[in-house]
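Look at the two complexes coming up: chain A is in both, with chain B in one and chain C in the other.
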Partner chain A sequence: MTQPVLKIRNLSKRFPVGGGRVVHAVNCVDLSIMPGETLGMVGESGSGKSTLGRVILRLLEPSEGSIEFDGQDITQLPKGQIRRLRRDMQMVFQDPWSALNPRMRIRDLIAEPIKLHVDLSRSERDDRTEDLARRVNLGSTYLNRYPANLSGGQLQRACIARAIATDPKLIVLDEPTSSLDLSVRAGILELLAEIREETKAAMLFISHDLGTVRMISDRIAVLYLGEVVEQGQTEALFETPAHPYTQALLSAHLPADPAFKVSRLVLEGEVPSPIALPTGCKFHTRCPVAIARCAREVPQAIQVPSGQQAGCLRIPNGGNIIERKEDV
Partner chain B sequence: MTDSDISAKPSSQWYDIWMQFRSHKGALIGGIVFILIIAAVSLGPLLWPYDPTYIDIRARNQTPNWAHPFGTDQLGRDTLARMMAGGQTSIAVGLTAMLLALVVGSFIGVLAGFFKRLDNLLMRMTDLFLALPLLPILLVMMLLFREVLNNAFGPEKGIFILITVSIGITSWMPTARIVRGDVLALKEREFVLAARSIGTSNTRLILRHILPNVMSPIMVSATLGIANAIITESALSFLGLGFPPDFPTWGRLLNDATDYLQQYPERVFWPGLAISLTVLSVNYLGDGLRDALDPRIRSR
Partner chain C sequence: MTLLKVEDLHTHFISRDLDNQICIAKALNGVSFSLEAGRVLGIVGETGAGKSLTAQSIVGLLRPPAKIVAGSVRFEGRELTDMPDAELNRIRGNNIAMVVQNPRTSLDPLTRVGDQLVRLHQIHSGGPKTASHKRALEMMEAVGLPDPESRAKSWPHELSGGMAQRVLLAMALMNSPKLLIADEPTTGLDVTVQAQILDLLRSLVARFDMATLIITHDLGVVAHFCNDIAVMFGGSIVETGSVRDVFAAPAHPYTRDLIAATPERFQMGRAKALGGQPPDLYNLPSGCVLQSRCAYATELCQTTVRNAEVAEGHFALCHYAGRLEEQPAVKINA
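This part shows the complex of A and B:
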């Protein structure tokens, strides 16, 4: 059996917010990504998706738990050694306008990771930069321009070129398409799929957009209040969501077919504050099928018949399925 | 942006900067005036027959005439010659002191903004320097180091070093504060995190990503710094702490002239005009340079 590229165990990240209070951004997350696999991570805003992505790359220090990258425990690795590892783990950010230094030319921005990690002569580096630009379909005329001269889609292509410049084993994509126009989004997704084929890099695709995630991911993890409530193969998860939260999330997603009868499960209330987490199952405050036990007991992730793992106390007796009301 | 824009031959960076600079009329005029002033004070003495220290007691207190276009002073020294010689010193002091203050200020500002651990220490030090009364410090420095530097470098060079260093190390604080604030804001920008995520070291991060982005406030500090240094130097001269009395600077000319303000008001006018013109042209120059160096403004 091949070794996972990334394996995180019991990972938590807490931010102190003064007055002794603590934001629990990520809570006891277990995940693993196999080489070449794309794991989609979905959740509402504030569910800790981006924080998790950053903790995985050690851009933020984890509060608890362990991160194993390519067989090596990097949780406690000193900064200097992490820097060398960054060659193998790259990140694409949500907002391409702010993720690129406005004072540097696109050429220099793309060449930067190569400069840092690969020992190449200047002309070889230039060749490689132009090759990278071609691979992300960015015209070479743009290379001498500054980020302010490019459109969002072009900038995101430049960011992707930067991320694949050193042939990383893992790329964390933090909502790479959510700040882009719909028309540009499709192009970027196609590009990502192509790059995955070419480089065989594992990807962690963070998004709140289910349609996007479904298109690109092999597996999906659903995050709620910094906790993975359900994870499994994309199709299984979309066909037979086990956790009530996943069911609600999926029902909020509009299918492409206008004839499809939508029956919405609208969740009551707001997402609880990550400062004062609910006891027991974190979802019980908004869960339509919650029972008294849910407020006391923390559910363990269990395997459901369709293959995915979900953390819900009501799965064993089948009470986890929310009954859908017919829409008027 | 239009298509023709994109297909146009990619121009070099310096060409772009020059084009943007040229489009800023004030900066262009400022730059030309500053170059003219520098040319006048550095080349003028070679062409002008009078020596700035030559005393012609028969020609004293002359109003402007053909032989002495700016007039003469109470000892009969030619004011134009003194203006040119004084300009050399004043501009040299201004530029050097500004550079020194800029380097110290930017260094401390970047360190304080970038490294959280150093922030408190460095900023309290900055506050301390700001709280120190400037003139007594300069007085003490002059007393302590004047002789030493005189012996080491000769009277003129010695006092020049002393004055520029004194002005430099007592005027870096505003720059440090402004730069620190900007660095703090920049640090939160995603491209800094992005640079970290590709494995950029701190040194490289500061040099390649932080410093180029704090150029604007540094530029503004620089232009204000020159003015400040020229004025501080004249204040020092006035107190007898600066250059020796027979050694002309714009500040000294100005202070000499104040004694005769009622009889010969035009004597205040020349050095005053020279100082104002220099400061103004440098300000415009800095303004234009700041815009020209910013690709975001350039692309408009």
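This part shows the complex of A and C:
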């Protein structure tokens, strides 16, 4: 049987913020990603998506739990050895402007990871750099420019070229298209899909945009207050969401098509602070179908008939399905 | 009478460069549209298309070096572009309200929320202070702020993003405006909170019979919350019409690309046809602003384009509007 590229168990990340208070950014997360698979991670602002991505890459130290990458436990791996791992796990960030050193030319920025991780002669490296630029559809005229002279979409292409330069096994993409205009976004998504086909790299695709995530992901994990409340195959999760939060999140999404009827479940209130997490089920303060037990008992993830895993106490008797309002 | 009528509006940024040469960025190039009471118009377009600038030009909140150089903005038949400041201020407070993108920076950090609402009502509507206070509580209630009495005593920093946006909406409603302009009212809010604010906005529009202009880059918001759509590109409205008509049969090449790029319609393999550089506002081409990246562009496109009515109430700013498919001429970007 094939091994997952990434397997995380019971992973938590807490940030002390003074006055004895603690931000519980990521709480007891279990996830795995198979080779070549794209896992989409969705959640609202502050749900812990970026933090989880950074902990996985060991850009942040986990507070608890384990991270296994390519069969190796890297939770405790010393910094020096992590550097070597970077060749196999890369990252693309939301904001391409701040991700690139403004004083380096695009050519050198793309060549940088090759220089660090791959043993190539200078001319081989130059060839590889040009190949990469071509691969991400960045014209060779841009190679001699500085980041300030490229558009957001072009910069993101340069970032992607850097991320694939070392043929990584896993690429973590944190909102790679969120800062880009719609028409530019489409091009980047298409590029990522092509690259996935060619390189068979696994991807963790973080985004708050459900439409985008649906397009690119094989599987999806939904985060609420640092917890995975539901995960499963993309279509199953979109067609028959089991967790009440997933149902509400999906129904709040407005498809860009007036012919598409939306029946909305509007949640009350806002996401509680991750400093004072609710007891029991973390969603109980906003859940339209919460019962008294929900404030006391922490739900365990269970498999639902459509195949996803979801953590809601009411799944066994079907009480997890929220009644819809009239179509609007 | 049309409530708001914007005609051929041109707004430029006029500055001098290092060599003291005058530079002109032509940011709005002949924007025209109108809006009736009870209607919701959505303006969409990519960053820099001129959406916010259109709003600022209408309400007279342009900051130098931006300047309206031509065109007209009529509100209830009265011209706003050459109105004296004092009078314009009065209209802005009483009849036109604006909600901007970042709720936090639009609230006075040193004044309690309730007092800000009362102050606004006092300036424009006058009357006894107790009446203003009562109105403030009513409006806070209307925008769904729980427990208005105690919320009125909150400081702005104590509010979450969603609550701050509700307070801004309450502020906008204080003087019963006839026109509400909301610039990216839900950008930056969580999707579940965005849903709350949009629902609220729609019920308020119906309840107070306001005309509403929503500026957004989110086509989903337009598809489900607006009656009409205006698509902006390079400082021009390139297509307008009812939301249903435009989504069903987009007539302008830019609108077609925009709709084709949404996750709902996007087909892998099509992306290379989409996108491209925004036009250089300092050096606009003569003729159509889209010509350098339009798949249908021909030599004719270098000449002035006129708005063509492709169906009743549905307009597109393109030489080939309504006949893109049968367009025979040689394409210049092929």
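Convention: the second predicted complex is superposed on the first by the 324 of 328 C-alpha atoms of A that agree within 3 Å, B and C clash if a C-alpha of one lies under 4 Å from a C-alpha of the other, contacts with A are read in each partner's own complex, and residues count from 1 in each chain.
Keep this in mind: a contact is a pair of C-beta atoms (placed from the backbone, for glycine too) under 8 Å apart; a residue touches a chain by one contact, two chains touch by 3 or more.
Only a predicted model underlies this, so the values are computations on that prediction, with no experimental measurement involved.
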| item | value |
| --- | --- |
| Combined model on chain A: chain C and chain B, fit or clash | fit |
| Partner chain(s) touched by A:M104 [first = chain B, second = chain C, both, neither] | first |
| Chain B versus chain C as contact partner of A:R86, first or second or both or neither | first |
| Apex chain A: angle to the C-alpha centres of chain B and chain C, given in degrees as a multiple of 10 | 80 |
| Contacts of A:G139 with chain B and chain C, given as first, second, both or neither | first |
| Touching partner for A:L182 - first (chain B), second (chain C), both, neither | second |
| Chain B versus chain C as contact partner of A:E239, first or second or both or neither | neither |
| Partner chain(s) touched by A:E124 [first = chain B, second = chain C, both, neither] | neither |
| Partner chain(s) touched by A:H253 [first = chain B, second = chain C, both, neither] | second |
| Which of chain B and chain C A:G153 touches, first, second, both or neither | second |
| Partner chain in contact with A:G211 - chain B first, chain C second, else both or neither | second |
| Smallest separation of CA atoms, chain C relative to chain B, angstrom | 7 |
| Chain B/chain C common contact set on chain A | none |
| Residues of chain A that touch chain B when the two form their complex | 54, 57, 59, 82-87, 90-91, 93-95, 98-105, 112-113, 116-117, 139, 141-149, 159, 162, 166 |
| Contact set on chain C toward chain A in their complex | 46-47, 160-163, 190-196, 199, 217-225, 243-244, 247-248, 257-266, 268-272, 274-277 |
| Footprint of chain A on chain B - complex, ascending | 1, 6-7, 10-11, 13, 189-191, 193-201, 204, 208-209, 212-213, 215, 294-296, 298-299 |
| Parts of chain A lying in touch with chain C, wherever the complex brings them together | 44-45, 137, 151, 153, 181-187, 189-191, 193, 208-212, 214-215, 248-249, 251-260, 262, 264, 266-268, 270-271, 328 |
